[in-house]
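A short worksheet on the structure shown next.
First chain written, first letter: the chains are A, B and C, and each begins at residue 1.
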Amino acid sequence: MTKRDKIIYWTGFGVIVALLIVAPLVLPPYWSRFVTEILIWGLLAMSSDVLIGYTGMVSFGHSAFFGLGMYGAAAALLMVSPPNLILALAFGLIGAAAVSAFVAYFSTRLRDIYFAITTLIFSQIFYVIIFTWTEVTGGENGLSFRRPAFGIPGIWTTPFTAETLHWFVLALVVGSYLLLRRIMHSPFGMVLQSIRENEPRTRAIGYPVERYKIVAVMLSGLFAGLAGVLYAVQNRFAAPDFVFFLISGEAVIFNVMGGIGTLVGPIVGAATFLLLREGLGRLFGEQFPYLIPLGFIFIAIIIFLPQGLLGFMRRWLNK
Amino acid sequence: MASVLTFFTEFPFELFVIQTLNGIVTGMILALIASGLTLIFGIMDVVNFAHGELFMLGAYMGVIVLSTTGSFWLALILATLIVALFGAAMQIVTLRPLVGRDPLTTILATFGVSLILQNYALWQFGPVARKINEPYTGHFNLFYLEYPWYRLVIAGLSAALIGGFWLFLKHGKFGIWIRATMQDRVMAQAMGIPVPLVHTAAFAIGAGMAAASGVLFGPLVGVNHTMGLDWVLKAFIVVVVGGMGNLGGSIAAAIFISLLESYAAIWVSPAQAVIVSFIVLIFTLLFRPTGLFVPTPK
Amino acid sequence: MSAQGTLQEKSEGPLIAVEDLHTYYGKSHILHGVSLTVGRGEVVGLLGRNGVGKSTTLKTIMGLIYPKQGRIMLEGKAVTSTPAHKLAKLGIAYVPEDRRIFRLLTVMENLRTGLDRPGVTDERKKELLDKVFSYFPVLGERRDQAGGTLSGGEQQMLAIARAMMLEPKIILLDEPTEGLMPRMVSQIRQIIDVLHSEGVAILLVEQNVPLTLEASQRVYIMEKGAIRHHAVSSELKIDDPVIKQYLGV
């Protein structure tokens, strides 16, 4: 990145973050909440980009990581009174990490389509378990709980307002982006990208490809889990629908729409998707099957815009 | 030891026989769906995510034709043909432009199609399940159950369709074209075989087979917009366990997995019995990723 | 291009004329402006070391890869970027380097991939089959055996026989003698002569220089993705400095 590029990049970054900080202060509550939700789905999509865009593995199982983050947070929030934010984060991340370690261990032995199908099947296993284990998970109805307060319990806490919740989510999403960007530019990230470009050669050079893939899946799963925790905290419930593979499918759609291998592209994809859904719902009513036009748009993007909406910026964003 | 003994004394043999029969019936339906999926994967490396929705679409077409004409058999034939045509159109519009791209893009595109079809069905037909009446309503006594003849008819018809498909592949010009294209697309084209046409036709055949199984299966469970989802997951498992692109393996795997799930349903709820097939899949992928029912590659 | 003056084409023009072909594999530039011609019924050799683009030239002519630049003319008509299955109908047949027979199809089914064309009568089919079975009796004996069970030499025969089913005007023959026993090599050599006598043109890519010079009327020598030398085969000696320079024999 030249110095000029750097200035443009960080200026753009600063402007967008500043706009997102101001958003809850100027937007009506409905839209402010909408932006928060975009950030959470964007984080899920961004985590999946680590695999799709940087390692060349399409995961159809991110709903498992997201869902376990959600149910992990739910467990912490229901067990401890008063509900504890730090504990919710810890439980959610541990849950997601455990599941992603398990999935990573098995699924990374396979490539391409086989990897995609295996991750899909794994996420369905967790879905079936959560859906049928009613005594623990609440089954079909899921679990609902109170929202924890912001702060460190015992020292200083303050209840979340819509604004502070938004800023909290924003801080974590921006932090995740910077961290993931850093990791993808590190030697580790370079190895992942070389696996994407040419796996046999990467192996021939002497890198333990399988181990790198396992770490990549776990890394990706951890951030998906974080998104799950944030969603649970925002919405005060955990439901099996969020472990269902359609969520994984949406994460993939966000990626394809926004542009894989850019980290921010998936957030843009999530925003586009959710805005289109919202717009279609407002134009044609709540009952409108918005997934029909969105499905057509999705297919059109795959065929005519394989790099996604931000594809033209991909090289530049990765400098 | 004692517990083993109680297992045997309390082993529900009658239920076991019934479940064997049920397993074979669903196994044949699954084999019919999976054959189409295998054909499509084997010939063009496309994992057709929308296959379950083609199954569902077939069932709905069956409902429509049945309600206007009153003939189950006409419904079966027309639904198969209509969905086959739809499949051909779908292949031309969404998959042909992706030829030469990463095969994973085809999963994404067909996933898009499945979203569209599923939501279209919900929008058009509503969430309430529709009913297809069985063409045969007779029963026979099986222990304490009245077992419907129609279930055996399904198994027989599915077997006949699969057998017909196999004969079609084995004999005749078009069968040779399909098999040659499956083995070596490039060389098939160099031999003058119109590969793009063969791809479209194979997709149409696979879609038609899915639709036929949808109509056949409709009377057992009712027809609704989510019925494709369970089946496509099962069919994926079958196709992988059977060895991707291997027809005989898929059929064996379909029956094997359906039997396992049927037996598991003796002890756990059907929703949990699904996990058995997931476990079979995982073990297959770990120990024999080329498939359980194919000879070890030399 | 020393021999150019002596290499006049017949008045009706060449069967195949390739002009300034540039072909890429992804980003790597393989052919840098290949031009060559093959006359009707003519056997033309294409020599060169490994990796100079001989096979790529054949694949480009067959329409299996499309060139970024340049023209391919078949009987005076441009067929550049025509899909392979249409070129096969127009009279180009291809025998690839690794033979690529359909391993799970029987010998007979392999032949039928080229035989089941519209407009071929049953009588004509029988004639064609009888012809290849008389040239390659072993294929007749094994007609119901899976192609994959044949030996390397038998597979090569099947690949050539399969190409003959198309009744082509030209066969693109890629290293037919590679890895074969001497007895098989002479059989391949004979079939080239038979095809030549029947008026089928052949573009022959080979590593076997003596065989190529014997079997062909003209040869092109390639290096680094381009034609470097063009000669009448009978005028080129095996110890010619040109051969030494480009082929290192």
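Following the convention adopted for this analysis, a contact is a pair of C-beta atoms (placed from the backbone, for glycine too) under 8 Å apart; a residue touches a chain by one contact, two chains touch by 3 or more.
This is a predicted model, so every value here is computed, not measured.
Undergrad: Quick check on the contact network: minimum steps from chain A to chain C?
TA: Steps on the shortest route: 2.
Undergrad: Please find which chain has its CA centre nearest to the centre of all protein CA atoms in view.
TA: Centre-most chain by C-alpha means: B.
Undergrad: Out of A-B and B-C, which chain pair has the most contact pairs?
TA: Higher contact count goes to A-B.
Undergrad: As a test of understanding: of all chains, whose mean C-alpha position lies farthest from that of chain A?
TA: Result for max centroid distance from chain A is chain C.
Undergrad: Taking each chain's centre as the mean position of its Cα atoms, how many Å separate chain A from chain C?
TA: Each chain's C-alpha centroid was found; their separation is 54 Å.
Undergrad: In angstrom, rounded to a whole number, how far apart do the mean CA points of chain A and chain B lie?
TA: That pair's centroid distance is 33 Å.
Undergrad: Whole-Å distance, chain B centre to chain C centre, using C-alpha means?
TA: The computed centroid separation for chain B versus chain C comes out at 44 Å.
Undergrad: What parts of chain C, by residue number, touch at least two of the other chains?
TA: none
Undergrad: Would you mind writing out the residues of chain A in touch with chain B in their complex?
TA: Contact set of chain A toward chain B: 58, 60, 106, 109-110, 112-114, 116-118, 120-122, 124-125, 128-129, 131-132, 249, 252-253, 256, 289, 291-292, 294-296, 298-299, 302-303, 306.
Undergrad: Help me check something: in the complex, which residues belonging to chain C touch chain B?
TA: Within the complex, chain C contacts chain B at residues 62, 64, 83-85, 88-89, 93-94, 96, 100-105, 109-110, 112-114, 116-117, 162, 166.
Undergrad: Under the stated contact criterion, what part of chain B meets chain C in this complex?
TA: Chain B residues touching chain C: 173, 176-177, 179-180, 183-184, 186-196.
Undergrad: Within their complex, state which residues of chain B touch chain A.
TA: The contact residues of chain B facing chain A are 47, 94, 97-98, 101, 103-105, 107-109, 111-113, 115-116, 118-120, 122-123, 233, 236-237, 240, 244, 269, 271-272, 274-275, 278, 281-282, 285-286, 289.
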